[in-house]
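Two complexes, one shared chain (subunit A), two partners (subunit B, subunit C).
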Partner chain A sequence: MGRESSITRIVGPENYAKLQQFKCLIVGAGGIGSELLKDCILMGFGEIHIVDLDTIDLSNLNRQFLFRQKDIKQPKSTTAVKAVQHFSNSKLVPYQGNVMDTNQFPLHWFDQFDIFLNGLDNLAARRYVNKISQFLKKPLIESGTSGFDGYIQPILPGNTECFDCTKKETPKTFPVCTIRSTPSQPIHCIVWAKNFLFNQLFTSDQSSTTGDSDGNDWGTDDKEEIERIKQETNELHDLQQIVHHQDKVHITDILKKLFVKDIEKLLQLDNLWKSRAKPTPLTDDLIDSAKDGHDSTDLNAIWSLEEQISQFINVTEKLMDRIVEEDYNIEFDKDDQDTLVFVATAANIRSHIFGIPIKTVFDIKQIAGNIIPAIATTNAIVAGLSTLTALRLLNFLPYAKTNSGLDVNMAFTARASNLSKDRYLSNPKLAPPNCNCAVCAKVARGVVKITEKGLEKLTLSQLIDLLKKKYNYPSETSLIDTSDQRLLVDFDFEDLLDRTLSQAKLHDGSVILFSDEEGDESEMYRKPLEIYLDVVEESAINSEIELPALEIPLFTPPKQEEEDEGKETSTEESPEKEEDKNGIVILDEDEGKDEKDGTTTKRPRSPDQTENDSKRAKTSKNHNDENGVIELD
Partner chain B sequence: MEPSQATAERLTRDEIDLYDRQIRLWGMAAQARMRSAKVLLIGLGSLGTEICKNVVLCGLGHLTILDDTVVQEEDLGSQFFIGSEDVGSLKLESAKARIQDLNPRVHLSFDTQSIESKDADFYKGFDLVIGTELNTSQMVKLNELTRKYNIPIYLAGSNGLFAYIFVDLIQFDAEDEKLKGSQPTEKGQISTNTEVTEVKTRTDEDDDKKVFEVINTRHHYKSFQQMIKTASLEGRLNRRQIKRLSSAVPLTLALLRAEHEIGQLNFLTLKEKAVETCRQLGVPETVLNDTYVEQFTKQEGVQFAPVSAIVGGAIAQDVINILGKRQPPLSNFIVFDGITLDMPIFEF
Partner chain C sequence: MDRFDRQLRLWGGFGHELLTNGQICFIVERRDDPLLLEVQRHLLLAGISSYLVLHSDKQHTPAKDAFAFIDENQELQALNPEIKPQWNFLPWSRIQTQSFKDISVIVLINCRDAHMLQELSIRREHSINFPPVLVAAVNYPLAYMYLWLKEIHFVVTTNPEYVVPDLRINEPWDEVLQYTESLDFGKLREEELAEIPYPLILSSALRATSQDERPLHQKLDDFYLKYSQQALNDSNYRQAKRYARQVSRSSELGRQRVKQLLNRLQIYQRSNWHDSFNGKFMTLCQALGQFLDQYHQLPLPSEFPDMEAGTQIYNDLKMIYQKKAREDCETMEAIVARLGFPDFPRMLVKKFCDNINYWTLLEPIVNESSVPGIYSSTELTRYLNEQEVTISTHEKKLLENLLSLAEDSYDSHTLVSSFPATAFLGGAVAQEVVKLVTHQYVPIDNTFVYDLISDESSTIKL
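Moving on, here comes the complex of A and B:
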């Protein structure tokens, strides 16, 4: 009996022959990806491609079983493929790269695969692959783990829920005043130390933090407090000078400013302390006496206040030495111990002042570095479920025919996640697409093939005419570049109409949204059409551009009021939503104009608010105070 | 995080860095306890391979693998410590360098003798035994020995898309934490084999609104033989649960109860056994789906990589939990249905 004897007894010889012709794409060669690769090889997939951007790190080795100590710093994808050679009978193709890079991975590259298996660790890439699967109408198995918890979600475009049909958790953000004036948990002090203090002292780009505009949500209306915060920010520039001039004698001045004077000023704002415990500032004497104190080196022990102060001074000296060599810019990195100890000691001293528990450096590393625990077993279970389900989605199980995606089960680790005592896994059947989903239900999707020449020649107005004619859109429409939510054309913005697509900065991989802005007599609108521009060789199509055959349905848009009640399931917090029950605020970004391009950035009525919001969240980490929100990335 | 001082042997800085992502989950103390544990794994088939990979990666102290088989061509379709050049060689000889390479810190022993050649004394020194892909009489005998020396045991096997886990920890005390709900947990028997012995509360150090219940439970286990003889669901399932019960449950038990060689049973004889098993379980014969009977006939004893990954992952996780004394252990019979991904846990 050959190596195929097990699998043929399960799928039958015909299906096994088909499987050997199948190509699958594994996105990610980390914890889940390593396991997926092994399972796909053993199951007998003919060809397996695997993509990963990352290189191997020591902390991967507890679960990413294809990597060894000697592989540290090597690319994950190529190392993984080398490590499986002795048991592989499949054709394997590794790529080191970002799956979202349209130059390396254009749409037609994705089109060669029969199924996509995700082993990703971030929302942006998950959303991206989900969208690709929707554009190409190819099955995707999405999965993820966090500690003991894991899940898989098979996605059959048009048939089952897509990744974005359900709301996803957004990164945690905090109002400015909680971080700057009234911390009550260790995480508030860690965010202060990392995102505010560390950046102010050691990172070169400070411009954003000075422009505290009045349009911000501060989490408070107290003018006095806002003034204090702004003044404090300005005063920190003096401290940065101490750092830049390597003025080591005056490190204690930094401590005295942060932990004595600033706290004393805070105490003068009586309003803040009516319903809160008052902070207790350090004293100059304490700081002076602790400075030559004994250092603890055990990163897993709780250090005394004196040890924190003494370590703060030591590590600041080290960072002062480094900052000149490193071009006046040091970025926080959880694996850079100097930056970690600086943040940990500063956070702990602040915690002490506010009566908040002190943490070990080990624990602070997890919070500041946003480390998610990860273990071999959960990854193995999730990857096993994912590959097993691939067989069902591809209809390879002769005793369990899949007539619709709705016959297939998703799965999550119910017992490990304390959701059930009598089931190890929960296995709900897949749901149909959520009719409010901005990604799979509210828009129609199509791939427009265009040549390089077409991009150079065709104007936006010509493109719009082609689209109107082909899909019966009315005369008033709009066009948006969804990658940056840039308005290209609408009824009162026609400046770009005569520009060619390439002049309008559209290129291979651009995703544009074409919307009906008029409606017909009965208030029915054509569904918005999201178009992927796939640049192809001239020989691939008959003319310069080829539009896909699509029926774009009509729909009645919901009344404005209903939308405002939050019925629209934007997959992230709607930016209009001022504050949720956790008191976490996400702010709207000011409308902005880019004069140079002559384009206007408008917050679109696009169904694709999700990408926009995550971008917004991303930019906010660089402009903490400007947006009034501090995010822990 | 538990204070590391609580353990006699402290972890080194290198170990903390290597095991960082799991220490953040189960703590230093549990990691140190795992390092001092001695485990016996019987059978390096597909399931054994998965279990081995998981426990070696996470830093178990000592692992002994017992397997006397020679690599067959068909093993290549479900196992990854061997390659085509190993066909015809002793499997452990072929696999051992690759296993050690996974984690040089783990003390490994390889034993190529048969399970039959092992006397009772062989088992004495182990903290835990895992038996994979054994037949019923081997499992009964092995379990008698582990009971004699009070050693916890996990037994597991697979039939193609379907698999089972049996757990006998004899008696096991566990501690678990959960967020306090509106209904406080009470002491006393909570299920067939489990009683709550103590309930304390703990307030979160960062957020005093978060209150946890610390629940101590005592788990009583049956031997493998007793379990297959007495397993019953009589009066424990409502109509909906019976309807949902996977055919894989009576079929798996039927194969374990039958005295037979693999491949001896045909559709009719297996179905007959499964009907008997339904009677013992106290569930109607209608739970038996003929396509499942057919699949079990065809797939009896077949090892399949993704199924092994799931079941091997579940066993390794539970082994890690009990060695590290985290979370209550599995109790005591689990069946996996690879079509629906259903994986119910039964206290038999």
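Moving on, here comes the complex of A and C:
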């Protein structure tokens, strides 16, 4: 039976015609994305747009069937579209770009689609698309895989849980002091070697290092310690010079600085070692004698300390040879063996000093590359389910009509090992939105249309007045730019009131949070309102600004005690996570794109949250200091 | 190697080698069947290179605008440049004369042709050995698969997600005892105590408090805190507290589990196996039985986990464990040799010992029907009647659907292929093939049914 008649048989002729008018957006053209693309084509979607920022990498080839050797370094989205064109009846539109880039993809661009399908590999973008779906109230199917495990989560804004309603396992983040002064696990040393040392020595842009900018989570209040960390960073610039001048004779100086002098300095900070085992610096002699040692090539073996040192020297020489050619910028890449061995040996030497178990290069590759072994089969399973669910969400299937979103299932494929009794797919019904979710429940959402001129003319004070009047907010309110949690206005910060929106650095795609800071007589507050500024042509609206019609409900902030209880249970989970067989918990499918999304920054501040947040910071600090438990961020 | 980096993390070099040497036989109506293409491309990417395709004798003109999303010749050839894939195409009429002895798995895809099924069943019945047959189809509104085993299938490791390390803390051997005794907690400073790995804390505690009848986790603080007041803040002691509950049970539970598996094997004393891997594994199981009789313990796995501890003392302890693991493995080798296999691959003995707590087996059905159970309305009806009380309504509905498909006269030309369901099942079938070939992870035993309209699914043993 041909494709058309097959589809017609399933969805019926009327729906088939409708389906051909439908537009879907696939976010990501990687493992899941390319499967989604094929499935959506064969399912008969009229128009399919696909976005991906990346180019194709060798390690993609074993699970991304649309790509071949010859496509390496080509953009994923356009290559994928080329590869499927020959069997496609749909209109296909590829984009190479970051889906979070509001210039390339403003909100109204998203508005053309009937449904979003995620095939993403990072949390920041998943959260972003989730938020867009909430702003536009359009369905989203979120999905992910890791090894034999996979999940899909259909999201119908207002009806079902959103992506952020449940706490997500995210890559761990560590306070600076743990990484720089007091490591206690292999991962701490690996992060030090990769994100700090490697970047300092070999990359030109050092802004992303586990660094010293103010506003960091230092994880310590010890001024002496913070001072030491900053000084240490400055001194590393000298080491970078050794690298840049390809001064191979002085590689041992790098070792002596990092593993003798810096450790000796650390030891002088008595406070650090009251309740911890002290590190033991290497000695100059040891370094000098190890430098001519023989090298093991077995990446699966645990190397001795001497081997680590001699490998470190060899690989640094190789990287020195490369650095001029590569324009003084070498990026860490787990598949680039020189960079991998550098990070592994540096991490292991540091581990040795701090009495932490040493790892094989292969293990470190796993951890440093944040590799979760995504495989083609699970991607195919998840994409197939995702496409079927899209039909279900759009009411294209003959029975099991979805009256409310809660009729739809989410699906998990069970891990291979426990299939004997459990069902292969578990598909719990979707839950309603979590009333504590900062993305979909705790805030109201709206899109404000504004012209370029409006941005130039309107002051913050005028905007606030408009909002107060339209939505009945009391006189004390606050306004925050959520992109960087920058306070624009509140009751004791009014400096910017007379600035225009553009002077206040608001632009197309800015998301601002407007909150009630006063409450009424009965302690009820207006829900905070998150606003997307959508800059439109003058012809599109009647005046310079247009506020959406919204009912903003009132709510009573929860009492402090209740909040505390909730927190107890969530912190208790973290020691369990530590026991995970691989020792690291990562949700992402793809390799170490550093997650800089700092998962805390997007939290809007509700009236009750200020105190809470500082309290949370304190709890997690206690954890780190006294119990050494790493909290999942 | 980089290309396979990810999957190596899942099934290791050992599994990868089995895949490389694997041969898959597909039985299909037509060669452009979309489910075949899905399964085929996954297996190529996984590294399997040798295929036998048995297709209908009828000539099929390629369907225009069908679901063929990948060119069955050129594109599949080029999919994985690391391997040189080879296909052998034969018509169904050759089933009777075909030797399936080198085939790892037969995958029956979207075909229920009565004559072909009969040929296959006869061929299977008349062979002493026969590969596992995986039956898979998308038949609106269902997608299903069924595993038809002729012999036991051994699984080297189920790869459980959460594992309790097998450290034998309550059954220490001499060297552990000596090492424990050499530590006098009373003479150690607090910093030194903070470096003791938790197994040593627990085994000392067990010995010192043997008069105290409370379970270990209740008496641990009484025993240890007198040596170090700040121990509750030490990460090694916190680990000790966390693992204290498991100490008394884990060794015995592991033994019980293995004994039950060995008991199930008693009725299968055959020397002739289709899958030589299964044969070797059977030998290992026999050796394990003797090991258990002699030492009343399982061989110690060589994996010694990371733990909070000082490097020196951690390495000392790790050496003790690894020495014992090595010795146990050598003992097993010696037993295997006595059983008549002096050249048995050492790597396999080690693999077996290392996964001594994680191996399992799937058994064939004793009184099986002459066709695959999922295509037998007698079997389905019998299951429905037997399980009437226990199965849920949704499962009942799925099975009734399945039954009505089995009773329907079957014409592949009206077969509705619902593509997303095909994509889904293709991934799942390929995954099962990989599990079978690598002898890792537990394959679905034996039936999986998914209803694409109601989004319900069920895994049952027919």
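Here is the rule we go by: the second predicted complex is superposed on the first by the 388 of 633 C-alpha atoms of A that agree within 3 Å, B and C clash if a C-alpha of one lies under 4 Å from a C-alpha of the other, contacts with A are read in each partner's own complex, and residues count from 1 in each chain.
Going forward, a contact is a pair of C-beta atoms (placed from the backbone, for glycine too) under 8 Å apart; a residue touches a chain by one contact, two chains touch by 3 or more.
For clarity, every value in this text was computed on a predicted model and none was experimentally measured.
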{"item": "Touching partner for A:448 - first (subunit B), second (subunit C), both, neither", "value": "neither"}
{"item": "First, second, both or neither for A:352, with subunit B first and subunit C second", "value": "second"}
{"item": "Touched partner set for A:496, first subunit B, second subunit C, both or neither", "value": "neither"}
{"item": "Which of subunit B and subunit C A:84 touches, first, second, both or neither", "value": "both"}
{"item": "Touched partner set for A:360, first subunit B, second subunit C, both or neither", "value": "first"}
{"item": "Partner chain in contact with A:275 - subunit B first, subunit C second, else both or neither", "value": "second"}
{"item": "Which superposed partner A:38 touches (first subunit B, second subunit C, both, neither)", "value": "both"}
{"item": "Common ground on subunit A, meaning residues reached by subunit C in one complex and by subunit B in the other", "value": "1-4, 6-7, 9-10, 35, 38-39, 41-43, 58-59, 61-63, 65, 68, 84, 87, 89, 147-148, 186, 356-357, 366, 371, 373-381, 383-385, 387-389, 392, 397, 399-400, 409, 411, 415-416, 418, 422-425, 427"}
{"item": "For the subunit A and subunit B complex, residues of the former touching the latter", "value": "1-7, 9-10, 35, 38-39, 41-44, 58-59, 61-63, 65, 68, 84, 86-87, 89, 147-148, 185-187, 300, 356-357, 360, 362-363, 366, 371-381, 383-385, 387-389, 392, 397, 399-400, 409-411, 415-416, 418, 421-425, 427"}
{"item": "Residues of subunit C that touch subunit A when the two form their complex", "value": "2-10, 34, 38, 41-42, 45-46, 63-70, 78-81, 140, 158-163, 191, 194-195, 230, 233, 235, 238, 242, 306-311, 314, 413-428, 430-431, 434-435, 441-445, 448, 450, 452-459"}
{"item": "Touching residues on subunit B, where the partner in the complex is subunit A", "value": "1, 4, 16-22, 24-25, 28, 50, 53-54, 57-59, 72-80, 82-84, 98, 101-103, 160-161, 178, 191, 205-207, 291-292, 294-295, 298-299, 302-310, 312-314, 316-317, 320, 330, 334, 336, 338-346"}
{"item": "Residue ranges of subunit A touching subunit C (in the complex, touch as defined)", "value": "1-4, 6-7, 9-10, 35, 38-39, 41-43, 58-59, 61-63, 65, 68-69, 84, 87, 89, 147-148, 184, 186, 275, 277-278, 335, 352, 355-358, 366, 371, 373-385, 387-389, 391-392, 397-400, 408-409, 411, 413, 415-420, 422-425, 427, 575, 579-581, 583, 626-628"}
